Each structure stands twice: as C-alpha cells, then as structure tokens.
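Sharing a structure, written as structure tokens. Questions coming.
Letters A, B, C, D, E and F name the chains as they come in the text, with residue numbers starting at 1 for each one.
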Amino acid sequence: MLRFSPPRGELLETSSEFTVQAGGAESNVAVAAARLGANTTWLSKLPKSPLGKRVESSIRQHGVTPAVAWDASTETRQGVYYLEHGAEPRPTTVLYDRRDAAITTVTPSELDTTTIESASLFFTTGITPALSATTTETTHKLLEVASAADTRTAFDLNYRAKLWEPADARETYESLFELLDLLFIPERDAHHVLGMSGSASEIAATLSETYNIETVVITRGEDGALALRDDSTVTQPIFETETVDPIGTGDAFVGGFLAEELTGSPLEQSLAVGSAAAALKRTLHGDVAVISRAEVANVLSDSGYGIDR
Amino acid sequence: MLRFSPPRGELLETSSEFTVQAGGAESNVAVAAARLGANTTWLSKLPKSPLGKRVESSIRQHGVTPAVAWDASTETRQGVYYLEHGAEPRPTTVLYDRRDAAITTVTPSELDTTTIESASLFFTTGITPALSATTTETTHKLLEVASAADTRTAFDLNYRAKLWEPADARETYESLFELLDLLFIPERDAHHVLGMSGSASEIAATLSETYNIETVVITRGEDGALALRDDSTVTQPIFETETVDPIGTGDAFVGGFLAEELTGSPLEQSLAVGSAAAALKRTLHGDVAVISRAEVANVLSDSGYGIDR
Amino acid sequence: MLRFSPPRGELLETSSEFTVQAGGAESNVAVAAARLGANTTWLSKLPKSPLGKRVESSIRQHGVTPAVAWDASTETRQGVYYLEHGAEPRPTTVLYDRRDAAITTVTPSELDTTTIESASLFFTTGITPALSATTTETTHKLLEVASAADTRTAFDLNYRAKLWEPADARETYESLFELLDLLFIPERDAHHVLGMSGSASEIAATLSETYNIETVVITRGEDGALALRDDSTVTQPIFETETVDPIGTGDAFVGGFLAEELTGSPLEQSLAVGSAAAALKRTLHGDVAVISRAEVANVLSDSGYGIDR
Amino acid sequence: MLRFSPPRGELLETSSEFTVQAGGAESNVAVAAARLGANTTWLSKLPKSPLGKRVESSIRQHGVTPAVAWDASTETRQGVYYLEHGAEPRPTTVLYDRRDAAITTVTPSELDTTTIESASLFFTTGITPALSATTTETTHKLLEVASAADTRTAFDLNYRAKLWEPADARETYESLFELLDLLFIPERDAHHVLGMSGSASEIAATLSETYNIETVVITRGEDGALALRDDSTVTQPIFETETVDPIGTGDAFVGGFLAEELTGSPLEQSLAVGSAAAALKRTLHGDVAVISRAEVANVLSDSGYGIDR
Amino acid sequence: MLRFSPPRGELLETSSEFTVQAGGAESNVAVAAARLGANTTWLSKLPKSPLGKRVESSIRQHGVTPAVAWDASTETRQGVYYLEHGAEPRPTTVLYDRRDAAITTVTPSELDTTTIESASLFFTTGITPALSATTTETTHKLLEVASAADTRTAFDLNYRAKLWEPADARETYESLFELLDLLFIPERDAHHVLGMSGSASEIAATLSETYNIETVVITRGEDGALALRDDSTVTQPIFETETVDPIGTGDAFVGGFLAEELTGSPLEQSLAVGSAAAALKRTLHGDVAVISRAEVANVLSDSGYGIDR
Amino acid sequence: MLRFSPPRGELLETSSEFTVQAGGAESNVAVAAARLGANTTWLSKLPKSPLGKRVESSIRQHGVTPAVAWDASTETRQGVYYLEHGAEPRPTTVLYDRRDAAITTVTPSELDTTTIESASLFFTTGITPALSATTTETTHKLLEVASAADTRTAFDLNYRAKLWEPADARETYESLFELLDLLFIPERDAHHVLGMSGSASEIAATLSETYNIETVVITRGEDGALALRDDSTVTQPIFETETVDPIGTGDAFVGGFLAEELTGSPLEQSLAVGSAAAALKRTLHGDVAVISRAEVANVLSDSGYGIDR
C-alpha cells in the first residue's frame, strides 16, 4: 500500500501536504528482516502505474527483492491508506482505501512460487486473506505450496477490525492454522477474535497443541511478548521508547524475530531481537524499520541512550 | 475529487510529499463563478469521511454553498486523481483513481433538486456521465428537472479519453444535447468525439441548429474561443499567460463566462470575462480559480503587468 | 486576527517560514460550536484586502456563516498576532500587532444586528472591549440589542494582560455583567482582575447573585471547571491530553459548552462536552478546534486511545 | 521592514506558509554595497521586539553595521509588507502594512549622526519621507547634517504610489534636491511625479542644472540606465536575466553603483556594476542582493552562463 | 557522491534547507540504462556509514544492482558535491568536496571484477581517473580486465575543469583510448583538452582511426550529437526541453544510448534514444533520469506535449 | 562547522532534506555570550567558499565579530558534521566529516592575535587541539599569547571520543592546564579521560591545586554543576527542560557563565546564568543559544512557564 499522512497535529481534513510512503504488513516484515541481514523476496501484485512502481522501488531500496505480478487492468488500482497521527485523547486513525486494489485479485499462478519452494521460510499475514475471497484462497494455497516444499511457514494474525468481522476472520484463520509452523498473535486478538480465554501462556499452549504449531508467539502490547516452542516458554518485556510513529511496530517485531530465527539463534534471542526492532521502529517516521544490526545490539546491551559523538 | 500532486520537477514515483487540494470540473466552475459574484450551490455525493468532508469544506471556503448527499457506505470511496506536472517534452499526466467513488452511485432522489428548480441556471459537465451508468442517467434526469422548471441549462462537454471511448461518449452526449441551453465544447472534441468537420463557426452553427441549443461556445486552445447565439458569432483571443498550473483552465473559462452571463451582459463580454478568468487561473497552483472581479477587470483593461506597489 | 507562527523550536527572530492561520476568540468559539452542530453566524469588521478576505474564507471553511463589515479605509489594517511556541522553561509567547485593526473601529450600525435578534444566543468575549473605546461601547450596545430581543447572552471574560490594565478591565467587565445570561471566567482572573477571593464555587455564587447571571462557569486550568446554575453546582475534571498547541483551548471549551447547551442538555453534559472539546483542541495545531461530535463522544466514553484501524 | 510572501503561484488569501525576510530600500542598498566591499552603516529605528531584532540581525548578517534606535513604546510596531508574486497577466502585488511603524517617529536626535559626519557618503531614499511628517523632516535634517560635514549625499527617488500622491511627493522631493550630490531617479517618475518631459538625457541635464546636482542617474527599466556628470553622459543597457524575484532590483543597482563609485571608478564603470548587481539580484529570492565581486566581474566579462564545474 | 542543493533562487551561503540526493556520473548512467531495461551492476567503494549506505540504497531503488566495497577506515569519507542552481546571468555552480572520498582509494582487488568479465559491456568515465593516482590506475586495469574478457568497453570523457588541468587529463585519456570500444566525448573537450581541431565528424574519424575505437559519439550541446561507426556517420538534433535541472543530462544521454545499443539497435536509434533520455532528464530535479521506455517512445514519436488525461 | 541534520524521526540514510546550520564549540560559546551582552570576537580559519562565508555570516548575524583567516587552498575544505536526532532507545548520532578542514591547518600567525591581547578573556576548547598536530600547537601558543598579555584564559575540556583516544587527549590537556585561569570540565571526562576519582568537589580541588587554576567548573549532566574558586565551592542544580535539541547545551552553559563572569558577578550568579542559558538552549533547534537576558532572568526568577499574552 501507499500511505498518505498529514504532519503530526494536522488533519486529513485540512492539511495541505501529505507525506507519501510505501508500507504494508508483509513488506514491512520483509524490510525489517532484510535490514537485519535476512535474504528476502517479496511476492505481490501491483498496478502497472507510477504508484505501483513506487511501491516496488521502495521495497527494493530497503534491500528486499521484489517479485511483482504487474496488473495492467484499468479495473484495479493501487491500495492506499490514510494515516492521521493522534495525540491523547485523539486516537491515531487509519482510513483504508483498498477496494479493488490489484492485490485483491492475486492468484498463485501469477506469482513466482518457486521462490517459496526454495526459501527457508515463507511468511504472510492475516490481512491479506481479509481483502477478498480470492486472496483468502491464494493465502491458503501459498501456505500449501510452502508446506509441500518443506519451507517453514510463519503467519502474523494481525486482525483489522475495519476489514472484516471477528467471526469471518476466525473461520479463515482457523482454516489456515494447521498449515503453520510459526504463529504470531496479539493476545487481544486471541481473546476478541478467536474467543480464547486464559493467560498468554495458556493461549500459546492451546494453539500449539490444537493446530500442531511448532512455535507460537503472543504479543502483549505494553506487557511484552511470550513465545512457546517445544513446551518451553520464554518472555520478553518491551524496551522503553519515545514514540515518533507507532505504525509498523508489530511488523518490525516479526521481522526482527524472523531474521534472528533464521540464523539459528535460540528462541529467547529471537524474541529479544524482535522487541529491540520494534522499539527502534517506534522512533522513526513511516511504516518500515530502517534499522541496523548495530542499533539492535546497542538496545540489547543497554549501552546507553544519549549523544554518540 | 481530491488531487494529489508532487512538486514541479518531481514524480509520483519518487516524491516524498504530495500537495492535496480539492478539485473537479463542476466544483471548479462553481468556485470561479462564485468568486466573480455569482450565487452558487454545488450538488454532489461524498463519502462520510475526513476526505469527503475535506472536499465539502474546501468548496465552502471559496464561497460556494455545498449541498451534499453523504454516503456512509463502506462500498464507496472518495474519488482521487494524481497529477504529475510535466515540462516539455514530458507531458503533464493525470492518473484517475475514481473507481467506486461515492459520486458514481448518485441518484436524483439523493440530491436536493429544489435548488435546481429555483435556480437561474443549472450546470453540469460531460465528465459526470462518464463515470457510471447511474451517473449517465442522473445527469439526464437532472437536466430534465431543470428544463421542466425553466431553469437554463449549461453543459461543458469535457471529453476525457481516460474515462471512456469516443463512440460511447458521443452517444451519451447526443442524447443530452436537446436538453441544453448553453453548450461549451472544445473544437478538438467536436472533431474527434462527435466526428464533426468544418470551421469552429460551422460547428457551432450545426450544433445550435441540430439540437436547438440557444448558445454554443467553442473553445480552441491557443486560438481563443468563439460563441454563437441568435445566428450571431463573437470571438475572443486568449490573453498571454505565464503558466504555473494549466489544470482547471477550461473550468475557469466556463465559470467566468457564466458569472458574467448571469448578470445579463452581452455575449462578447461573457466570452471576454471567461478568457480573463482562464488566463488568471493558469497563474495559480491548483484546480480552482481563486480570482476576483478586480483582477479580471485589470486583465480586460490591459492596464499593465508589473509590480503593483 | 491572522496568526503567524514559526515551527516549534524556532523563533520569531530567526525562522525563515511562518505558518499562517486565522484565529480569534469569538471566531474560535464559533468554529468549535459549528463543528459540533450549532448553526452559527460570526459578526465582524475586516479590511477589504487579501488578508481580510482570508480571515473570512477561513471562518466559512469551518462551517460558520460570516457576516462581515468590509472596511476599505487605508487607515485601518488586518490585526495580526505572532505566536512563538515555548518549551519549558521558555514560555509560549504571544506578540499582538493589532493597533488600528479594522475591528477597533466597529460600530453596531455597521453590523447586521438582525442576526443577533433572531438568534438563540449571542456570544462575545472580554477581548473585544479591550481593543478601543469604540469596541467597548459596541460590545455594550450589542449585548443590549440581544437582551432587548430576548436572545440569551454569553460572555467569556478572557482577560489579556498585554491589552489593558486589570483596573480598566474590571470597570468595563462590571458594566457588562448585568447584561449577561452566561458568564465564563477563569478563576485566576476572578482573583487577579476582579479582586475576588474565596473558592471557585463561592466566586460563582457571588457573581451569579450580584449581577443576576443565570449561569456562571469557572475555568480552573489543570483543576477542571465548575458551573453554577439555579443554585446548583456541577464540576468537571480535565481530560488527560498530549498538548500539540495550547492556544485556543479556552475557546474550544466555550464553543463545546455552548453547542451542547443549545441542544438543551443538562449543565453537567455541557460542561463535559466543553472539556472534551478543549482536550481535543490541544492535540491540533492552530487556534481552531477542527473536531467532530464523534471525537467528543469517544473522549466522553473513554473508549480508549490508541490506533483505530 | 519584514516581508511576508507566499510561494510563487500561491496567494496571500490561501497559502498556509509565508516566507519571512527583512528588506527595505535603504537597507537593501546598504547590503548590496557591503557585499561588494563598501564599509556601510545603517541608521534606523526599530521596535524592541523579536521582529525588530530580526531586522537588525539580518542586516548585520550581510555585513552591514546596524546603528539602531530601539523603540520600547507599545504605540509603535514593526513595519511589514506582504508580497504576492505575480505571473502574467496577474501582477506582483505589494501590500504595505507600515502604519505606526517605529520608523515613522524617528528624529535626528535618536540617531547616531556622527556616523554620517564621518562617512564618505550618506544615502537615503524617497520612501522614508513618504512615511510621516516626522520622517520628512528627519530626512531633510539628515541631508543637512551630511552637507554640513562635507559628506557626499545620494538619494534614490523611488516613488511609491501606495504611499502618497504625486503632488505631495513632488513638493517634498523638490525641497530635498538642492541638498543632493547624487540623484537616482526612474524615468517614469520624472514624467509622472515631477511632471518633466523630454528624453532621459534631457531630464538628467535639467535636474542637474536646476538643482546643482553633481551626478544624476536615470533608470529606464528594460532600456537600461543613463548617468550624467560634468556635462558628460554615459549609458548602460541591462543584462539579460531570468527573473526569480524582481523586488529589490533598483536597490541592488544603486548599491552596486555606489560601491563602485566609492572606489573612485569612472562613471561608466559604476553604471556597469550597478546594472550587473541588478541583474544578479533578480536571480535570487528576497529583497537583498546576496552577491559578490566575483559574480559581478563574471557578468561584466560576459564569460558565459552555464554550469561551472 | 551525495549532492546537496538549496532550492532554485537560494544560495549555499544562506539557504536553511538543502535537498539531498545521490548522484555521480557512472551511477547516473547505470540508472538511466536500468530504467530503460538494461540489466546493470554498479561497482564502487563507499564508506561504511549512513551516508555511504544512502548512496547504495538510492542506486538500488532505481533498479541497479550495487556491488560495493565497504570502507570502514576513518581516514576516508563520503564524497559530496554542492550544487547551486543558477539563473541567467548567474551560472549554476558545482562545489566539489571529494578529497579523501572512499572511492579515491579503490583498487581492482577490492571490486568484484567477475561481474565485468561476465558482462556484455563495461562502462566508466573520465571523472574517476581524475580523483587520484590510485583511481587512474584502477580505471586502466578495469578496462584491461574487460578487454581481456571480450567485454565491450565504453567511456565518457567528461572532463571536469575543477578536478584537473587539461594537460594532465589528456595524458591519462590518451593512455586509455586504445582500450575502448565506445567513446563518448563532448566536442568542446576534444578541442580544449585533446587539442583537436576540425569538425565533429573529422574529430570522430581521427579518434576512431588513431586509437582503433569502434564507435565514437560526439556530443555537441545545443547542436545535438553525432556518432561514427564503420566509417558511417549519423547525427541527431536535440529535443526541445523546458529545463528544470540540467545536471546529469550527459549521463542520461549515455545511459539511454547504451541501453538501446545493448538491444542490438542500429546506431541512429541508439543516438535518438540517448537524446530523448537527455531531454527527459532535464525536466526532473536531481542527477538521475527516472524515466521509462514509454516516455522515451513518446518523445521519439513526437506524439505531443500537453495534458495527458 | 556546518551542521546537516534530517528532521526528528528521519535518518541520514533516507531523509530528502537536511537542515543546514553553522555550529561549533567556540562559536557557540561566543554567540551565547554575545546574546547576553558580552563583546565577543571569534578567531578562526575558513575556506574561501560559499560554505566558509556562510559560517562567517551566521556568526556575525548573532552579534559576534568574526576575525577569519580565509583559506583559498583547494587542499582544504569546510568542516561538516551530520546530526541524526535520536529518540529513546535510538541515540542521537553525530558523524564528523572534518578531515582536511581549513581549521586543521591554522597557525597563530594567520590569526589576529592582537584581539587576544586586548581582550579581557580568551576562550578555547579541547576540541580544537584534537583536530591535528598543528591545531594542538596553535592552541598552546594562543593560550601563551593570552597569558603573556594578562588576558584571562578559559578552556572547556569537551572530550570527543570520535576524535581521539583518551590517553592522547589527556596528554594534551595536561600540557595546557597550567596556562588556564578558568577550566570547564565534565565530571565524566575527569574520570574517563584524566583518570581522576573522587567527588566533583574533590576533582575541582585537585585540578585547581595541581595546575594552579583560579576557577574550576565541573559539569555533571542531570546533577547540575559545581564551581570552585578561592577554596570556596558553589553548586547549581539544572533547570527542568523540555528538550527540543540537546546539541550545544554545554556551550550555552559556558557562554552564559562567561558573559556573567565578565560583568564581575559572584561565582554563584555566573553558575546560575550558565545553567539557565543551557536550559533555554535545549528548547531551540540548532547548536546556538539564540537567547536573551530577559529570558535568562525569567528562568532564574522562576516566574512561571505558560503562555505569555
């Protein structure tokens, strides 16, 4: 998607300038992972227009290899979202404008699925299946392609209330769970969308057992994160941050986690890197975590925050 | 519509900031006419969102009374267009993004047609019927409402190649012509869309006779404009301009013409005011002609261009 | 007035760009009330210049009907104020530049007082009489016009130390009090300007009794607000806010209160809406509260502050 | 004065940002001369405020020594002007806002007149006496101070139609002429204000003889300039320029001329440097000619315009 | 290099904001070629810093594959240049700041020369050898690597007066000529630096024969370009352009020429594509030609310049 | 130096605009002192380029008299630093780019040392000797010039880890200490660089005794400052601040301290003024403390922070 946002303290209704950036859950995760050293490819479908091209070049700029199906149809368009930064008590507001976006018509045959088959890990999110019946089916099939090729699968649930109803979302999610090796899920979505109760670790255990998911990561907002694998649970508090822009925090967390996971690190280290990436993202404007390994190491070592000169 | 445009010399693909403005053929005409003293109301349908509200408040700011049908449906959206300023030999490019715009579903019953019945003049353009079958029908019916109420009708043909094919446009236009009292038509569209040949005055005469249109105004780009009424023809050359932004030139022309026409001025005076309004518009960023009677008078009197201090 | 302000962290002395906005106590109140549904007209006198026209169109943009006396004299000018945003320990500074502003010469005969006579409520502030002897007299007469027509009168005391001395202000205020139905007064001004002592509720009671004012609202900064009517007192704490721009907070409070009051709501509800409007205003750049009923409802229901997506 | 201007193609009525710069005829001349090597002091009176301080520090930044009488009165203010850039056929517009400016009350006793007595040359313009009766008298007295001290006097007529009537201006100018050693006068003002006829050289001769002025320089817009001294006339065509901002062209011309004159160069060289300075000024935003000797030499040698790398 | 430039009409000495972009002769050529479909890799050496990383990601964003030798030494830095846009008669000025730039120490062993060996064509410019003795030697060796691998070699002479003296440049250039298959040379450099005389076609013929260069392209500014191959000469006039930013015109020409050449097109077609790319570049801010095949085709077909909607 | 910085929340790697300002330890101190009334001259060496000229005019703008040795050599350059604003947990980062800066070659004979001899006080910092062997020697000699002329000497230790190793710095500092009358030293540098232990007052006493330094001021970050003179110690806590830009805090402290010291105030008053200047600086963008005596007095009197209107 493209993101249009007025400056902080100004409104969609009145601001004369919007900042333009590319962003989207999957690409945000890909960028965060790429910045931390992972070799990443991003599969998508974009309109053959300056706006579609903009999304592709932005992805590439940050070190991700784009593998785009170009859509020349005049029936589709570039998905857009409008972001209005809030300040207490005015919430940050997201206005989606993605009807008829090119991505809503994507089918597996349009994508280069050999990149999935040869990858170590395939990642997608719960936003894509929310867009259309076609993307629901495509998501399902791509996860099957990955499974069939023994490519590990990872999924960030990422429920969006403005895109679908909890019941619809739940049905789709549950149909996908058995295809997953790693699941990222916000605790509030487990409660609100999946109708689960209990503590974060109970939720993780239930999901892992019910759907035979190797690793379940529960994100808990201010309360940090928890990961379960092989019946063992690790937790990670959040790092203190001065927030410049909260959008993309969860994606940076997932990207950081996966980049570390792919190096073979232990679960707690992946969780820590994810949390550090999330904290660093919040200090930057835009959806994407333009961060580095050195910055993550600095956060993890708690080597101090001040002026580096 | 909302218009998003990068600064001159920058591209939709790469610019980090877009300027945001409201614009659209009918509202541009309404603003130009209002700025020159006409009492104007703008009928439209907008999404109930900050973007729709922005369009409405922008119209109102310039002195036009908005009469908006608010659309709360999540199935429609705010129409948008992207403008990339050109420089020779790179053309100025317009990228429409108005699929599923709220306006595409507008019906007469949603609009306050009493404002049409009590008005001196009802104006619409050939862009609106290009948007959907619904808007084609609505345009037709609103012109009928006006005719039935003895409200004069005015129409700017305004063919847009990115919206429909010439043959489709022609069929629609021709079905509307007999409802018109004033017709504005670019000479190139008479040739290319209506398939007419001959000089501008011959075209005007043919249209006037065939469809019994009281006044026909032919705009001829660099070659000025020509108007025919009661078998009498007047012409007007363009005024020299240093162009800052060409978008909206034709709308300013029509708005200026109509504002003057509504005061009962002779045809040549309306044509002159239209041309002056068009020239002034081109010196301003944005679709709308934020101009004044005094500025128009200054252009018409040719009282000099320089520093006024 | 027009407001010129450098960006936060920059100075009037050095910044190369000033943001330009319209603002003023009465128009700020009118905008806040109009945004929350009140039908409002703003009476004023402005210079016939692009700057005066700017103020008018800005008012209209936000949904208020301007009723302006245009002043073509070269002896008057557009009032301006310069705002330098502070950061602790450097205070936010206001530099008034309103000598010879057109408004300082306004007389009742120049204004459309029939709008006052047909209104439900007439509002003005204690800033206007501070500008000149003429505006003192005009304020008095307009309140008499309202009283004579049984239009309710409301007044925000709004003492400005840079405009006049406490003793002069007090004399003028006290001459106006008996014409008032609603009085808004900051607790500190009651102490410092009117020389009153005692608690906020004692002050309210004294003012109400002495001058026979139906409703007295005391604003108490961080300590919230208190309103007295019919011997009954209600209080309202402030809402937590992250302040982007504090200018116009009081005006948003009054505008919110009056918009609710005009719907016939009970006093505590008006006080609550005023407080919510004030809190929302502080999250926005500029003097005016570009807010909505939905946002106020969200604050009142405390339905949470975060990302709405 | 401070100058507030919206970007090119935007209006005072609608632009959300104004660029802020200091400018004024005398200080512009002083800056141009200082940039080209003259040792210059600027005498003025400014309000003791951040805006007055801004004007002073801006003058100093460009190498002129400010000698300011600070005015702490609340009865005066910083003079301001608003500049709206035109584009043919819309003229560039200047809106003065200098009523009650501190400078309008300046008297000789407030200024450090010893700097005039010890200088080689004292310069002022015909704008200052237009501001008030006080400034008319002060201008007269300062020219007398200079004459009495054998400091050469120079004066740029600079008639401003928005400040006074031609007849009033003429009376004042004529009372000052006999105190002058150098006079700069636009040909159009000689015609329109002084009521003179004849060619530029005839005008120069008449002024020189009638008032015993050593050097008369006639500026003729597109037609260049002409200077007369000791019965000998030299002329200078303008240099081709691409104009970014025309304001301050005449001041740059005078500053360039005087800087060269003060080095003892022949008249034609001073005229050439003035013309080059004027041409360079037009390529820059703002009133002041931030130019260098090297740039002037490059223009004079016609060593080519292109990319210097 | 990074390029820092104030807005047009502002100066390095006074502007408060500089626009930051990456640019450099070789990378500009690579981007132009990549945008037109060529598969390109860019070899360079950059400091391991945010500035070096910026250059790399900018190159990648535009579709070129960067192959960078990262330099962690504190003894080197990121090369920078400052660009001040001129307006007649003030020239556009380039201020190089590339002393100790990382690139000045680059040796062949630091670069991935296998990319040269497997490429169809290796391109470099006459700027690189101007930077240091090391880069002179490296340029020589890389051309030898290409020759040895039967990779075609192309070279843009690109003499820069601010980097070295004509005699030094000539000696270096002449030592490289016999390694070249394609040579691009401005006519003025053939005269001024190589001391050649005669017409453009005579110069081309002499260079081709003397050094056995397969193809010689002479660029002649306003007079277009000429290419010689196999004793046959073709010429191409320039396309009319409205210039927004002239920097990078020559690089766009070369990039366009090479992209077309690599598709096997005849020489005249390559020359035409180069000229169209150069014209399009001039309509864009920045060094790089963010252009497309469709835009080039539009220029070549002369299908008109106006508004495309 | 020139300072280039992206906006807060943006990165050197990605931001398209950098704000440009002049700054440097000695000039920052000079500006702060000048703003508070001290008569100051700044000695330096700058490249003869628009960038060097920019630094000079910026210094002059703020009321300091520049005395610059201009360097026309192409072997030196303008020193630059890049500043990336941090937000917890991402540190604020300074990237120095001052290799071969003109200042690194400065010798006493190039500077106007008579200004030192006639001054009340000579100030320099520990950054200058870190730049090169030449500047180490120049620093030493200038302090000797001052001592010989009975000009008081002041020195701010200001260790910069990115410029040299602690051991090297220590050796240089210790060689300078006996030439000092006033020493400013951060407590952390006393520990880390000088290898001292003990409390702040013990460190001050040791330095004063060992090197016979009249006044030692220890800055302690959040813990305020301590000064020792004549065996008597005074302390000063910091003032609460909302930090907009922390760079230059220490320089503002020293400038404020020295401006007050030069008026003959007691030590505690100088310490208080320094602390207030430091607090005010932090509320402003840029290195320099554009502050006033009135603002300092307001901080010291704790007369309240709010809106001044």
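Assume a contact is a pair of C-beta atoms (placed from the backbone, for glycine too) under 8 Å apart; a residue touches a chain by one contact, two chains touch by 3 or more.
Just so it is clear, the structure is predicted and the values come from calculations on it, not from any experiment.
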### Message
Quick check on the contact network: minimum steps from subunit C to subunit E?
### Response
2
#### Entry: Chain labels contacting subunit E and also subunit F
A, D
### Task
Could you work out the angle of the rotation that brings the CA atoms of subunit A onto the matching CA atoms of subunit F, rounded to the nearest 5 degrees?
120
### Task
Would you identify the chain whose Cα-based centre sits farthest away from the centre of subunit F?
B
### Task
Report which interface contains more C-beta contacts, comparing B-C against A-C.
A-C
### Message
Could you work out how far the Cα centre of subunit A sits from that of subunit D, in whole Å?
### Response
62
### Task
Please report how many Å separate the Cα centroid of subunit A from that of subunit E, as a whole number.
40
### Query
How many Å are there between the centre of subunit C and the centre of subunit D, using C-alpha atoms for each centre?
44
### Task
Indicate the residues of subunit E shared as contacts by at least two other chains.
11, 13-14, 16, 57, 93
### Summary
Which chains touch? The pairs are A-B, A-C, A-E, A-F, B-C, B-D, B-E, C-D, C-F, D-E, D-F, E-F
### Query
For subunit C, which residues are in contact with subunit B within the complex?
57-58, 60-63
### Query
Which part of subunit E faces subunit F closely enough to touch in the complex?
4, 11-21, 49-51, 53-54, 57, 75, 77-78, 80, 82, 84, 93, 95, 97, 99-100
#### Entry: Interface residues, subunit C side, partner subunit A - complex
239-245, 276, 279-280, 282-285, 290, 295, 298-299, 304-309
### Query
Along subunit A, where are the residues that touch subunit C in the complex?
8-11, 13-14, 86-94, 96, 160-162, 246-247
